[in-house]
Amino acid sequence: MTLPESTLRLGVPSGSMQQSTIELFARAGYKISVDGRSVFPRVDDEQISAVLFRSQEISRYVVDGIIDCGLCGYDWIVENGNQDDIVEILELTYSRATSLPARWVLAVPDESPIKTVKDFEGKIVATEIVNTVRRYFDKNSVKVNVEFSWGTTEIKARLLDGIVDLTETGSSIRANNLRVIDTILSSTIRFIANKKAWAIPWKREKMENVAMLLQGAIAARSKVGLKMNVPESKLSDVISFLPAEKSPTVSRLADTDWVAVEVILEDKQERELIPRLKRAGATGIITYPLNKVIP
Amino acid sequence: MTLPESTLRLGVPSGSMQQSTIELFARAGYKISVDGRSVFPRVDDEQISAVLFRSQEISRYVVDGIIDCGLCGYDWIVENGNQDDIVEILELTYSRATSLPARWVLAVPDESPIKTVKDFEGKIVATEIVNTVRRYFDKNSVKVNVEFSWGTTEIKARLLDGIVDLTETGSSIRANNLRVIDTILSSTIRFIANKKAWAIPWKREKMENVAMLLQGAIAARSKVGLKMNVPESKLSDVISFLPAEKSPTVSRLADTDWVAVEVILEDKQERELIPRLKRAGATGIITYPLNKVIP
Amino acid sequence: MTLPESTLRLGVPSGSMQQSTIELFARAGYKISVDGRSVFPRVDDEQISAVLFRSQEISRYVVDGIIDCGLCGYDWIVENGNQDDIVEILELTYSRATSLPARWVLAVPDESPIKTVKDFEGKIVATEIVNTVRRYFDKNSVKVNVEFSWGTTEIKARLLDGIVDLTETGSSIRANNLRVIDTILSSTIRFIANKKAWAIPWKREKMENVAMLLQGAIAARSKVGLKMNVPESKLSDVISFLPAEKSPTVSRLADTDWVAVEVILEDKQERELIPRLKRAGATGIITYPLNKVIP
Amino acid sequence: MTLPESTLRLGVPSGSMQQSTIELFARAGYKISVDGRSVFPRVDDEQISAVLFRSQEISRYVVDGIIDCGLCGYDWIVENGNQDDIVEILELTYSRATSLPARWVLAVPDESPIKTVKDFEGKIVATEIVNTVRRYFDKNSVKVNVEFSWGTTEIKARLLDGIVDLTETGSSIRANNLRVIDTILSSTIRFIANKKAWAIPWKREKMENVAMLLQGAIAARSKVGLKMNVPESKLSDVISFLPAEKSPTVSRLADTDWVAVEVILEDKQERELIPRLKRAGATGIITYPLNKVIP
Amino acid sequence: MTLPESTLRLGVPSGSMQQSTIELFARAGYKISVDGRSVFPRVDDEQISAVLFRSQEISRYVVDGIIDCGLCGYDWIVENGNQDDIVEILELTYSRATSLPARWVLAVPDESPIKTVKDFEGKIVATEIVNTVRRYFDKNSVKVNVEFSWGTTEIKARLLDGIVDLTETGSSIRANNLRVIDTILSSTIRFIANKKAWAIPWKREKMENVAMLLQGAIAARSKVGLKMNVPESKLSDVISFLPAEKSPTVSRLADTDWVAVEVILEDKQERELIPRLKRAGATGIITYPLNKVIP
Amino acid sequence: MTLPESTLRLGVPSGSMQQSTIELFARAGYKISVDGRSVFPRVDDEQISAVLFRSQEISRYVVDGIIDCGLCGYDWIVENGNQDDIVEILELTYSRATSLPARWVLAVPDESPIKTVKDFEGKIVATEIVNTVRRYFDKNSVKVNVEFSWGTTEIKARLLDGIVDLTETGSSIRANNLRVIDTILSSTIRFIANKKAWAIPWKREKMENVAMLLQGAIAARSKVGLKMNVPESKLSDVISFLPAEKSPTVSRLADTDWVAVEVILEDKQERELIPRLKRAGATGIITYPLNKVIP
């Protein structure tokens, strides 16, 4: 089985990103079903055909034209040297505080004498992104033996001289008693396209639609809808509490002097606002989950 | 422990259908709790008592009057010869493209010389639905030795002469390099009742209510609610995009020339419509999940 | 790592209550992330630091001031003798019929000659809440040897003379063929505070906010939002079916003689009401899930 | 893939007997490897090809000549009516007390008025071995409606009038509060052959060799080798303790008046004998595991 | 179900020791089968009935006479204050270097100012063995608030002032950056008896037999049998390498000037000896596993 | 933590080879314990310290001197270009027929027009062993774009032009409908040493001892010990059946004209020999498992 040219050929990252990518597409409105034995997931849209690749190789196959588009980390776009050969359609940013971009950091054991990048002269460093790290040391004019590391990289900081490894919250760095010398690269997920595919109008429109729905689904993940009833006399008070950039939907209730107010909020604002709204006279406050938010 | 006559005695299919049935009832509003050790799940409705049976035998026990109603596949109603002895309350259809009815197909190896049902004369065929397959060959006036097959039926197409096996998407047929000669039976899930129980008014009303709520929950599964704000001047444009059969709820916003439009959509329409609505001038588009939809 | 005094130090129960507590906080708006190796979960609120303790010891550490507040069962507050030394902020009641308070019952084998608490004179009883059971027998002026039981308490009713064990639905009591002599203690979950922490204004306000959001999330769990369109002429009929204590939100639809009615219902009422509303003339009935309900 | 006629085609029971059968063959000297996706296990003997079938159907396929031989329960040979159409090569008996033959028993609830087989006149009985049970009631001249039962048979004793179900130790009967009326059939595992295959000399010799090695492996499972050193003067005493039917191997130790005694024992005798042998003067007693014992 | 007085009533530790205890009894010759739902395992010896209790309570129930004998840690015999009220039949020592006795150690954070037991004056210490730790501090004339700890004790060294926790290799102590102040108690597993049961001759003999077989099975676990052929001329050389306390069994081979030498070795000696024996002229060296070794 | 120079620093392959390597060392006499959180397993020999590395990098770290020795596949020694920079102590060959060396094969889809290596001119090939495959095509003077493949390589034969992938039995090749063009490399496991470590006498002796014990354990895995009693008159007959290269140990039984014969056999010979030995007059035939065989 291969991927027909007449469809939008989409690369889905397998491995640790697979489940969250499939869930994101589901929220966006596309059901991707993976049959355990196949690398060709089924998509409930006849115009799209999908294939599972490791995140590390997706940008390479986008450039080769084996797939039209795909999701992968910016780090592996850089490591593969594909930045200039692809179209970046969308950067998948996350608004929650804990969803920081992943960082590749150059680290040494706490007790190491190494203090700056210059001290690596003549040393051995292990990493999964060999090309990127070599370019980094070249740029800094330091001669380092950069070796490819197969897993458990963090322990090699002690067995060799240092490592360049991925960290999100820094907790694995701390747990291994390592010290960060420098951040080599920050990375988020990107939705990228092959340049020729982007030039084909229907493929481009399809990719733009997918991007819009992905963005709407991501936005919805950290938001909630809030409804409440407010006496008309207190409406301006209540509205003054709401974040300025949000314009609430106000509708008059039938035959009363109450209005119904509806607004979309960040879920973090919600926990601050609810107590204040209640004190300001709002009643019947409810919040409900959202599937998509398109401003 | 047995099932009291004074309750609506409900047969819940155990095995592969158990989890999805319990989730469907949960969405319909009935919490069915299975204690690992018991075949009598607890239902949070004192008027209903439940028992777990294999889907294959539920229609038989409905006919016997051991249970008043139950859910099972149409295939086993036919195999047990119970079609005329039960009341079919509801066919559980699914609107998603991938939720096709299950089909029982007569299949042979790709390389078999058998081309039509007539070529089975004198052959051996394995199946789980022996009665149905015998009736099928009788109707076609072909003499075939039909044997009951305990599992892994698909492999027996090669060891014997052919099989009648269940397939949903046809993928297990293809994976085993089999060729379909005919479809014997298409099957969906049915909610069925014992005839005497159906004649008891309160039991019938109860079963109708359960059916209505099941149907509302199924309908909601493939739908979303959509809200947006539209300038009154563009309302007719926007509404023209919406599926004709849906009448949106339009309410005027307080002291503005905007209206709030709310509509229920198939989730597949949603992904087509959102880009068009946005271009037509809608703002603040949100979609949200539904529990039940009753038209 | 320890818990900084400058934060609200929250005790989260580990073990069987851990997952449901974390989910409840998530619904309330606080994301608690447990890293497998650490007893210090991360909270996405810089003013709160959390620690996992067994439910049994949380009230003790609240009294000691090692944590400012926490969730635990009322039973262990009593067993530890901490009732008068803590502030009870919130009793977490559940409105679903099956979520009964847990009861500690004094039980004997069905075949035991023991009929009343007086018959325990000189006997051996096993329990996990030794102090509470001793106080109980003292109060009844019966001399009993109360021993601490490490798990599988229910079987000890037969090996010794009786037990005091926890039961929710009574099913483990029945499954072990035991007979209940008396209920010693009923217990629900409590959100409790250290008295000194409660006296610090910002900590108290923070705890009250958390309590309000927890309460809103619990209330939402057994409720749904319902919307429907009703011809104005039938509005009073329809409203008469709705539970008296609920005042629905009624808004006039633009340029029609229909109104949109929206109401929050117990999910158990929903299954009774939907058939009646439909017959009374409501159309486009939908129900949708809620995150929080604050009256 | 099919099974070549030029090999000994062996049916291996899938399901609950699969793992123990494969382990038994491994002990006998044949390595059977099951690849998760295939029903054709690999055997490390080019003369044997294997296929996985459910134990229930193996005797039928042996009679049909689709396989030359196989292992299955005697119960299903009888249920399929194949007793006279196969060659029974070996009954796999087990010498351990707990490995009783499986029994199919006719059982009713403890509280049922039914006392003897005659009381079943006009009743409904559920079982998996419908043919056998029908023959049983015919033989007893009792008219009974015997229905095929799909799993959880034991609970049906209460919902219907009685069951015929499989029991090994009787514990599931007791756990369900059932009472045994009669034993319908006792069953052990049999190694059986197709009659034509048995008439082919090389196939018959191969099957006899397999049977001898299976038997040797089974015998070894409940036996141990025991060695000890004994002063010649006490040899006759020591030997008198050993089971009469065992003739120990006695060899003189070089240049001493001690002899080495070696004997094969049931593992249950071992635990009785060791204390007595030690007191009788034996030293350096060791026991060791066995792979095969062929007398 | 209870335990009949006419059998030897054996307490088997449930929890973390359960599996290894059952395996040890299996090696000793007693098959203990645990049915998932019952605390009464089946033993393949009619004279023995067994019950699962937590290791912590076994000594208490031995003293109470609810069981005749059982296996448990010495630590909980001490904690329960039962040392003088039971008969210790056997200390289960292990000869492998890594199977050290478990130690309960008093520990503080690395950074704590506490250096000696005296520095605990007025502090809070958490532990599971409250009685033992209170006695320890009393003996040292230090006033300490000793609190019962429910799990994750090691983390409490930081939240309180110190802990007394169990450690085998010290690795959890190091992993938590704790420092050991003192060892409170060393503990091995003991096979203990009720004093009255011990006075009944047949029960005592039974327990002694079980003890002998347990000991033989433990001894065999770290030993192997070794056989080799040696030219008679080199026999004395070869024997000189063997551990002095082992007397090998030497038997002359038929019609040759070679002897067969057989000896039981610690498995750790084996890896040192094999190279030396081979160089000294031994051939055909094999080693084999043992079930029991009784010297 | 690092590895002390004063010990023999051993690299243990993590991942798919980890469990089998640890079991092999256990059979050889070395207990390697992996604590879930650490890459430094504990070895019960103070002279050895171990570290877990991926098989792919072990040869590189042996060359670097970070470890003294290790086990890894020959394929990765070649891929890393380390053949001439290490000492190969032992090739771990397996005598069982099914334990073939792993082969890296160049494969294309069945339907591909490519027939020979020359047809790859200008094509794209995916593989995990990029260096080795590039050398292979260079040697064949074919220009090919060789790309590193992250997993699921077999599917890329269809998406690109061909692959070089690992296969043991060829079954994954067949399952993916691929055709083998050439075998690039055959690979077995090797025990290798750093050249400087090999020059240190005690390290070399230690490695040789480990190698001898590993070899003895591997040899024992496919062998069994066989004992039987034979009447002296039939001894030469019986011995004539035994494989010529095996010299049995014959010892005369005390005071009889029987001899005890003991021999070590391949387990595959066993199943052929036992029936013949029995017919030739041997009795009391037993076979038993072996731990080590050193010829």
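Here the chain labels run A, B, C, D, E and F in written order, and each chain numbers its own residues starting at 1.
Methods note: contacts are C-beta pairs under 8 Å (C-beta built on N, C-alpha and C of every residue); 3 or more make two chains touch, one makes a residue touch a chain.
Computed from a prediction, not measured in an experiment: that's the story for all the values here.
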### Task
Hop across touching chains from subunit B and tell me the fewest hops that reach subunit F.
2
### Query
Comparing residue numbers, which of B-D, A-C or A-F shares more than half of the contact pairs of E-F?
A-C
### Query
Quick one: which chain's Cα centre is the longest way from subunit B's?
E
### Query
Among the chains, which is located farthest from subunit D on the basis of C-alpha centroids?
A
## Note on the structure
Note: subunit C sits from subunit B at a C-alpha centroid distance in Å of 36
### Message
Suppose each chain is reduced to the average of its Cα coordinates; what separation in Å results between subunit C and subunit E?
### Response
43
### Task
Would you give the residues of subunit D that are in contact with at least 2 other chains, written as numbers and ranges?
37, 251-252, 288-289
### Query
How is the touch graph of the chains shaped: line, ring, star, complete or other?
other
### Summary
Full set of chain pairs in contact is A-B, A-C, A-F, B-C, B-D, C-E, D-E, D-F, E-F
### Message
List the residues on subunit E that touch subunit C in their complex, please.
### Response
1-3, 14-15, 39, 51-54, 56-57, 60-61, 64, 66, 124, 147-152, 155, 158-160
#### Entry: Footprint of subunit F on subunit E - complex, ascending
96-98, 171, 175, 224, 229, 251-255, 260, 267-268, 270-271, 274-275, 278, 283-289
### Message
Residue numbers of subunit B touching subunit C in their complex, please.
### Response
28-31, 33, 35, 37, 42, 44-45, 208-209, 212-213, 216, 220, 225, 247, 249-252, 259, 262, 264, 288-295
